[in-house]
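Each of the next two complexes has chain A plus one other chain: chain B in the first, chain C in the second.
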Partner chain A sequence: MALRKQSVVPYLFIIPALVLFSVFSVYSFSLLTYLSLFEWDGVSPIKQFVGLGNYWSVVMHDAVFWRSFWQAGTITAMALAFQNSLALILALTVNRRIRFGTFYRTLFFLPPILSEIVVGLIWAWIYDGNYGIFNECLKALGLGQFARSWLADPKTAITAVAVIHMWKGFGWGFVIFLAGLQTIPQELYEAATVDGANAWLRFRHITLPLLMPVGVVVSVLTILGTMQIFALIMATTQGGPAFHTEVPITRIMASLLGSSRLGYACAQGIVFGLILLAVSLLQMRLSRGMNRATA
Partner chain B sequence: MTRAQRMLLKQRLRRFAVHAASHTLCLPVAISCLFPLGWMVSSSLKTQQTVFTDFSPVPVPAHVGNYLLAWTKGRFGMYFLNSLGYTFMTVLGVLILSSLAAYAFSRFAFRGSGFLHKLLLSTMLVPIPGAFVALYILLTQFGLIDQGAGEFLPRLGYILPQINGGLPFGIFIMKPFFDAIPKELEESAKVDGSGVLGVFWHIMLPLAKPALAVVALSTTLAAWNEFLLAYLVFSRHELMPLQRGLLAFQGAHLTDYSLLMAGMVITILPVVVIYLVMQRYIIQGITAGALKG
Partner chain C sequence: MRRAAVLVAVLVGLGGCGRANRSATDRPLRIWHWMTDREEAFTELAKRYTQQQGIPVRFELYAPSDLYIQKVRAAAQTNGLPDIFGVLGEMRDFASFIRAGHLLTLDAAMAKPVTPRGASWRSTFFPIALAMNTFDHHNPYGVPPGMYGVPLDVMNIQMFYNKRLLKELGLDPEHPPATWEEFLGVGALAKQHGVLGFVSGWAELWLIDCFATDYAIHVMGQKQVEATFKGKIPYTDPRWLEVLGVFEQLRASGLPAEGVVTMVNKRAEQLFANGRAVFAFNGTWGVNVYQGMNPDLDYGVMMPPPLRKDRTMVTWGGAGSSFMVNAKSPKQEAAVAFLQWLTAQPQQRFLLEATHNIPANELAAADLPPALAAFADDMHAVAHPRLFDVQERSTVIEAFDKGIQSILIGEESPLQVAQAVQDVKQREEARQTSLASSTARRP
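So, the complex of A and B:
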């Protein structure tokens, strides 16, 4: 009876959130799907229906767009390999309760809280071909022949960007791995030690399997985050030199703002979204399977 | 030396070796985290000439006046106030909307509550990376994009999508927190004659302060560092937040590195201070968001 009297109240509580969500998520997403079927410059009153034509062009003919996927994928691969292993090794080290552990954690997590713009601009200044401190250090070490304009050289640009990205990101993985390690019950290690397991065996049979689900999460979030890299590119190379650091979002921006092909940009956005969606669905499946395996 | 003593010595040596190895690994990484920031501060204190020639880490004399110049001539003061306003409004919006919704999901049984809860969290569980294209078109349609006239609409167009973006995380953090608060507290307040809103405002929200802090801090960082939406929405400098303003400044004064660095220090200072003071809540938010499964 009390429930009946209150029946409108709960809706009043959620309506503000629901309105915002309906407009900015549900409606905007429907609009995106709808407009992807048209050739439209965003201004003209006439939208020309092209069916799946935009998708066809994106998938079959947009070599620059796929190249941007490849390049973001390259940065992603480096991040998965180097950034995440560094994060894991540091987490395992700090988790041993070494002195200054909190101090290290504070410093490792400093780059992740900074904006990509600031981080990009700092590193662009460090990498600068004429006045950068990095080249200056190389010269001081007698390696002057390697000095170059790191972000403007087609041979090094993408790696230089990846290094900045990993510098900014490893502390984030570190914090999550550390949280994962701290959920492993200490008794497991004690019991294993009593049973005569050495450090390697304890790592191999306790730490590694129990940390695996966290590893999957970190990997997938690394993939999603890195594939969506944008601000860092804008602050360093803007996609150059000669398209060498173009990534999917810079390409979509070019269609959206540069060439005013709105319908085409929508199709690009949806293709991009679907590919990343597949990745995160794969993660859910993987971690669900793993939870069942460990349970 | 007895056998026991030898064992003890061996143990101590081993522990020392482990610690030495740990610090040999961690210390260089820690320094690499600090060096770029130190170099930024150092560059911000040089003149427009010495910034290219003087490689000393601590410039003498230190040109502190660069900060005043960046604030006024570089317009970073204006960008700063914009960022402050956008961040404040976003955080306020997320806190109010998500705590209201989370409270309803936690306390009331109503038709569709399960579905609506899942729906509101869906954008957090399944990210939609192409969403900004849709947002741009939507904002253009509603006249919420900066087109050279009017201040209120583009500012609103920048804030609302960010509130919407922060909602799922807010509800995700707040609901379990409300769930854990015993119902008896509300019952007694109801007996005292408080209405539903009164109970929410006077009893639940004060109790939920730790959860509110986690949401507020995560949202603050995200809003202060936001760039992509600012890039889409704003064309006039007068409306830009810091992250967008930094690129605008760099585009206009390509070689004015000392002022740019001063502007960057101004940009990160609030975030770094908040981080150093509130580290616990920030890291809680990060790990809760990632380990949601």
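So, the complex of A and C:
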């Protein structure tokens, strides 16, 4: 009897979490999937069943949606390359017990805790084509010929948004990399130094392999976070000029609120979610492979 | 012990039920809105109504409007709408709420006398404001004919001009540019003097759409615009190319400020209020906004300049905001009574003074301050797509407005945009046809 009671108790503890997960994840996702099979505006009493019609339209006819993927992918690629490199370099620097290390830690983690809308609005002022600080700086440096409305120029809009996103996001990577670096035993570095390894070799053969799992986490978080970029876009360009900074979430919002096509928006959301899942799995598999090779 | 616990639980439950029953009758009249600039005025009116009538009223604010739209839709799905609320969106969205049985028809209430002289509630409003809340017998949405909303104010969108800047440019501030050519000519002058020619929140597509609709009606006439929406005239028609050409000319003139296509209206309002831009395409609400940002700003208001003098120029306008009564609310009568009170002359005058919006009550709109009077005088020359026989599909509108942004940044020509919009239009019509046929096939 006591044994039976003992085996039931753990399940009782997970019931609250299970209920929350079922209501807010399983049920929500099921409802989303169900609604994606209908043409429905979200208010009318009648939902028109269209089967996989919404998915067919998303996949085969919605060029702007796929373009938005490409644009979000561009920002993601820049974030993976530059944001994470910057985060790693800063983490390596601060990890060396430099003066004011705690101050830098706080400073680098400030951008991520700011509101995306506030950051977007401030940067929109910086980039402003008429009275923006950035253009004024260029003019002061004698580079006035490059001055432009950075967010409204189709050649620079997506990069300008990516810069803001990276500025705001590098602090996360910095903190995670720093935590990872602090778990690497100092003895390994000391032994390598005794063996005559220089800074590059210590980084190449100790830091990099041992930091790989952390790098995977940072990369996955960067991909997921950047592909879902939304508030920053709304605060800076609203997807413009034309469709140049549209991203998947702005397209889903356009279907939901602009066109009042709730079913279609659900289908877009599911397609988007599946692609993100596939990309994350692929990334993890590749990283595992690299990890094994390094080991 | 266990029995005692059960007893306590039952008592608590019964207590809760009792409170719920009481709350259905005693709770205040709940009103949802998105108008952040009027919160203080609404709160004051709610207080006055409670003092006068003994009925508590609570205004609940949910902004921005995108969030508000989501909230209202979610509440509609769970039958959780408040007693009074506003429906934001197109006529199609408005119709969805009626079809779902959420909106009370107000025809009977509107016919009742509300003034000491026996004038009906309906007769107190600007006709266009009422028309925007009315579905006629032949409406294309299959909605029972009737009046479903109470307009609170009226608005239109015009061209504000800065008198001081016009003078600095060597122009007569009392006679702003009257033709399209004169208007475009300000572009070069503004550049010479280091000021911005024209600002507007054209990152927000609806403001581009207002400007484009003004010129579409001017060039083609409303019936031809409606014919396009019905699919009888393609967007590649030369008249539409002329409309799109307006934006190409604007770009070539250098009049629009750098980055106007990603400028939100709040930023455009700041630039105009700070005396940095000669013209701003903005709505009646701008009077209140500029008053708040720079009370000393000396400006005038004019209709968007016509392309051709022999054709009338209309501008986008109608009801600014409207309130609807929840048909499922147990407080329908109280809600209607409150709206009658809210739209009566004294309350409308109070709103006018507090928020600088033109009241929907025509009598309260007499004797307006000069800036608002300029807007009110042009209420006879307004048009609104909500009043067209048919509305264009939002996907087509988006393609059209985004196309205009492409023209303004010099990326595409009017013809390229027209072709792209027509492609979207054809796809959308094919989709609608397919949906209609599958509905018809259903037993």
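We adopt the following convention: the second predicted complex is superposed on the first by the 258 of 295 C-alpha atoms of A that agree within 3 Å, B and C clash if a C-alpha of one lies under 4 Å from a C-alpha of the other, contacts with A are read in each partner's own complex, and residues count from 1 in each chain.
Throughout what follows, contacts are C-beta pairs under 8 Å (C-beta built on N, C-alpha and C of every residue); 3 or more make two chains touch, one makes a residue touch a chain.
These numbers come from a predicted model, not from an experiment.
Participant: On chain A, do chain B and chain C fit together or clash when superposed?
Facilitator: clash
Participant: Looking at the overlay, does A:A254 come into contact with chain B only (first), chain C only (second), both, or neither?
Facilitator: The answer is second: A:A254 touches chain C but not chain B.
Participant: Touch check for A:D153: first (chain B), second (chain C), both, or neither?
Facilitator: So A:D153 only meets chain C here.
Participant: Touch test for A:F243: chain B only (first), chain C only (second), both, or neither?
Facilitator: second
Participant: Chain A residues in contact: does chain B have more, or chain C?
Facilitator: B
Participant: Let me test your reading of the model: by the given contact rule, A:P45 touches which partner, first (chain B), second (chain C), both or neither?
Facilitator: In the superposition, A:P45 contacts chain C only.
Participant: With both complexes overlaid on chain A, does A:W200 touch chain B (first), chain C (second), both or neither?
Facilitator: A:W200 contacts neither chain B nor chain C.
Participant: What residues on chain A does chain C touch that chain B touches too?
Facilitator: 42, 130-131, 253, 256-257
Participant: Show which residues of chain B lie in contact with chain A when the two form their complex.
Facilitator: Result: residues 18-19, 22-23, 25-26, 29-30, 32-34, 36-37, 39-40, 43, 51-52, 55, 96-98, 100-101, 103-105, 107-110, 113, 116, 119-120, 123, 126-138, 140-141, 160-161, 163-164, 167, 171, 196, 221, 224-225, 227-228, 231-232, 243, 246-247, 250, 257, 260-261, 264, 267-268, 271-272, 275-276, 279, 282-283, 286-287, 290-291, 293 of chain B touch chain A.
Participant: Touching chain B in the complex: which residues of chain A?
Facilitator: Of all residues in chain A, those touching chain B are 3, 6-7, 9-11, 13-14, 16-18, 20-21, 23-25, 27-29, 31-32, 35, 42, 86, 89-90, 93-94, 96, 98-100, 103-119, 121-123, 125-126, 130-131, 133, 136, 167, 171-172, 175-176, 179-180, 213-214, 217-218, 221, 224, 227-228, 230-231, 234-235, 249, 252-253, 256-257, 262, 265-266, 268-273, 276-277, 280-281, 284, 287, 291.
Participant: Please output the residues of chain A touching chain C within their complex, sorted ascending.
Facilitator: Those in contact with chain C are residues 39, 41-46, 48, 50, 57, 61, 124, 128-131, 148-149, 151-154, 157, 236-238, 240-243, 253-254, 256-260.
Participant: Taking the complex as given, what residues does chain C use to touch chain A?
Facilitator: Checking each residue of chain C against chain A gives 66, 69-70, 73, 76-77, 89-90, 92-93, 96-97, 99-102, 196, 203-204, 257-264, 267, 271, 276, 393-395, 398, 402-403, 405-406, 408-409, 411-412, 427, 431, 435, 438-439.
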